[in-house]
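Chain nomenclature is as follows: A, B, C and D, assigned in order of appearance, with residue numbering initiated at 1 for each chain independently.
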Amino acid sequence: MQDWNELFSQEELDIYDTAGFGRKSGIGRRPALLVIDIQYRTVGTRRLPIREAQREFPTACGERGWEAIDALQPVMRLFRARGWPVIYAYVAPKAKTDGGRLAQKVPAIMDIPPAGYEFVAELAPGPSDILIPKKHPSAFFGTALTSHLIDLGVDTLVVGGCTTSGCVRASVVDAFSLNFRVVVPAECVYDRTPTPHRANLFDMAQKYADVMPTEQAIAALKALPEPA
Amino acid sequence: MQDWNELFSQEELDIYDTAGFGRKSGIGRRPALLVIDIQYRTVGTRRLPIREAQREFPTACGERGWEAIDALQPVMRLFRARGWPVIYAYVAPKAKTDGGRLAQKVPAIMDIPPAGYEFVAELAPGPSDILIPKKHPSAFFGTALTSHLIDLGVDTLVVGGCTTSGCVRASVVDAFSLNFRVVVPAECVYDRTPTPHRANLFDMAQKYADVMPTEQAIAALKALPEPA
Amino acid sequence: MQDWNELFSQEELDIYDTAGFGRKSGIGRRPALLVIDIQYRTVGTRRLPIREAQREFPTACGERGWEAIDALQPVMRLFRARGWPVIYAYVAPKAKTDGGRLAQKVPAIMDIPPAGYEFVAELAPGPSDILIPKKHPSAFFGTALTSHLIDLGVDTLVVGGCTTSGCVRASVVDAFSLNFRVVVPAECVYDRTPTPHRANLFDMAQKYADVMPTEQAIAALKALPEPA
Amino acid sequence: MQDWNELFSQEELDIYDTAGFGRKSGIGRRPALLVIDIQYRTVGTRRLPIREAQREFPTACGERGWEAIDALQPVMRLFRARGWPVIYAYVAPKAKTDGGRLAQKVPAIMDIPPAGYEFVAELAPGPSDILIPKKHPSAFFGTALTSHLIDLGVDTLVVGGCTTSGCVRASVVDAFSLNFRVVVPAECVYDRTPTPHRANLFDMAQKYADVMPTEQAIAALKALPEPA
């Protein structure tokens, strides 16, 4: 599901190449890990194929999500070992005043049972992690995330979670616009189905982020010097 | 190029349907037209196939852009006839201090000749239109656009221009997050190649906007009552 | 405490007059009431002079706050009677990751006991009011307030609460910048001491808001037509 | 004009002290100089008392502004000698679509002649300085300033310019909310009259910034280590 270029014809890839997209941003000196929406409502409480997982939570991505959770574990361990910041952006249970456009486009999102909002145990936040409740796709929109990143001196965001075509994409565009370097380890983000996943990995790789195999991201992060 | 569902398998479409996405936001009472990046650098100065247009400006979309400009003309005429606000978001020539991530991911964007920044004559702004120079994908990011829309009492944005997978998408996500209703007349937005165009129309239609044929958008707008 | 002009010399007032400041914004058609930080930490649990109230919560404003709560009651009743939106911006209990500049400038703010964060019973939110937890002076900064106001079609904010020189001032400047009309009923906002209160009423009246006696604000609001 | 505490009674100062305000943020490692609205419209083209300067531009502050320009010169020289970023926020000439609340509160601001928008020659921007045109009080509102500061790795803003009670205050509150450290060299900011100047220096010193004599700010900045 990570070979996103397969979705595009060679002519399409040539046109992008001529346009000059897809260069590298690189990694800075001070990374933070941004974990987006890894809650049971996006994977289900058990590791099941998506069509079965959707019987529990219609918004669940099923086993594609669980595979991303597996892939994200060693990234998380590295951040914890180095003492780099770990930030959880997540959707808090909805108040009845939280309607707006979201309730119109996706009314099912207003009725998720409380258990769906819990963090997935395998990647649950620790006591010194930063929690960013959000009401919109981007983890930056209407939140204190920018203020936290400036306070921490972060220059690079490593992004995992879901969905590739929703909150991950929206957060990556805002991080790019704010001039943070962005790394997306491709196996660490997930979506409901392969086409939006691939198409959005492509868009992010061409324009906003360095999208790379998780193994390569881990190696690059390990090569960063210890803070003085 | 507008039949974006062709890009997805039936199983993908079923999964989205089960998740409950893709409902309608509808149109409010006070629309504004947001025209994004319709400058010669995104189409070229002549109506040519993209590979030829890229010889003039590597970032040009060529005839796909010109077709969108054709499609947008009657929408623009309707807005002008009704006296509804017309807003142009566009990229201003780069200063050498405008580097950041954009210069890293797409260095070619820093060297566009001045003629590329001119508005396309067929859809040039009039004297009472609002001009929003921008430096980032979203027309809302780092601009006064939200303040203008609040001042004008706008509740609905009709979006045309380019690229579907870049500035249009980013602007639509922000408009949705701000609780504006968003209409994307599908033929009025354009991109370099069909796959990102379709994939982003799909994402927007599922989550953020009412994407519809231009003819249908015009009919819905014409049905709005005259302002009191 | 409301005669803020007494703080200024006649020459100062003349200079401002020559500069052309202090004209009226007026009231629109769709007001919302923004109640800022009316929690026990800002007044104390009993109606006491400020020096005594500060023994309970060092940040309390004491009886000046209670007088503003009295003054705000009829404004609140009018909003509830008309069904206009009522929005509470407030500070939520601090997490240990909420440090930053605030913890440096005002370390005492990190240690307020839980009871201090409760809403004052006399003006507590009702079930359909909108709650906006915030971490910064402005009710707009890092919150969904703008999105709520756009969704509700609000064009005018009536602001009460505290402190005049802190969160009220910061919120009013942002509301002004977003092009909302702003009304500050002078007796409905409070501060620790008279000078910053008066100086900030003056700044707001000159540049950002229509500051007026509460009675006059109520009369102007009552004159608004019932929504169709 | 810098002894702002003279504006307050001892009881007021005691109340603030009990509340726990006014501690230090300190200076970080990477400062930038933010110069706000130093244009002829805010001082006049000649060094005159304010009442005379207002005959040229009603919004001019006159000699108080010129004294601040004098005080800012050695700060600017230090930033240039060290190669630290210098950023100019300024008001660009108004378009007729730039109305909104500003045009209502301060209609005179819509009619400033072009010469009033020019930078004061004594402190004009150099070729590598960053220019931030703005339409609202805060240099952050609707601008790319945050993105520039993140790109440059800035952690501390030193602020000069005008007015203390207007754009300086609004910019300092936003910088504080974003978790930048803020230093205001007191003689380097100016206003029309002494009372708002002092009252806003007090508010900023108590809550948002380290306000100090310019000489002390220069010494602290000189003590910063050269970048590696």
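Definition applied: a residue touches a chain if its C-beta (ideal position, glycine included) is under 8 Å from a C-beta of that chain, and two chains touch if they have at least 3 such contacts.
Please read all numbers here as calculations on a predicted model, not as lab measurements.
**Q** Hey, which pair has more contacts between C-betas, B-C or A-B?
**A** Top pair by contacting C-beta pairs is A-B.
**Q** Residue numbers at the chain B-chain D interface: does the shared fraction exceed half, giving same, or fall under half, giving different?
**A** Chain B vs chain D: same; shared/all numbers exceeds half.
**Q** Quick one: chain B and chain C, Cα centre-to-centre, how many Å?
**A** Averaging C-alpha atoms per chain gives centres 38 Å apart.
**Q** Calculate how many whole Å lie between the centre of chain B and the centre of chain D, each centre taken as the average of the chain's C-alpha atoms.
**A** So the centroids are 37 Å from each other.
**Q** Indicate the whole-number Å distance between the mean C-alpha point of chain A and the mean C-alpha point of chain B.
**A** 25
**Q** Give me the residues of chain B that touch two or more other chains.
**A** In chain B, residues 100-101, 136, 142, 146-148, 151, 177, 179-180 touch at least two other chains, as defined above.
**Q** Thinking of each chain as a vertex joined to the chains it touches, would you call that graph a line, ring, star, complete, or other?
**A** Its topology is that of a complete graph.
**Q** Of all residues in chain D, which touch chain A in the complex?
**A** Within the complex, chain D contacts chain A at residues 146-151, 153, 155, 177-180.
**Q** Quick check: in the complex, which residue numbers of chain C touch chain D?
**A** 7-9, 11-12, 15-16, 18-26, 50-51, 54, 58-59, 100-102, 104-109, 136-138, 141-142, 165-166, 169-170, 173-174, 176-177, 179-182, 192-196, 199-200, 202-203, 206-208
**Q** Which part of chain D faces chain B closely enough to touch in the complex?
**A** Going by the criterion above, the answer is residues 95-97, 99-101, 128-131, 135-136, 142-148, 151.
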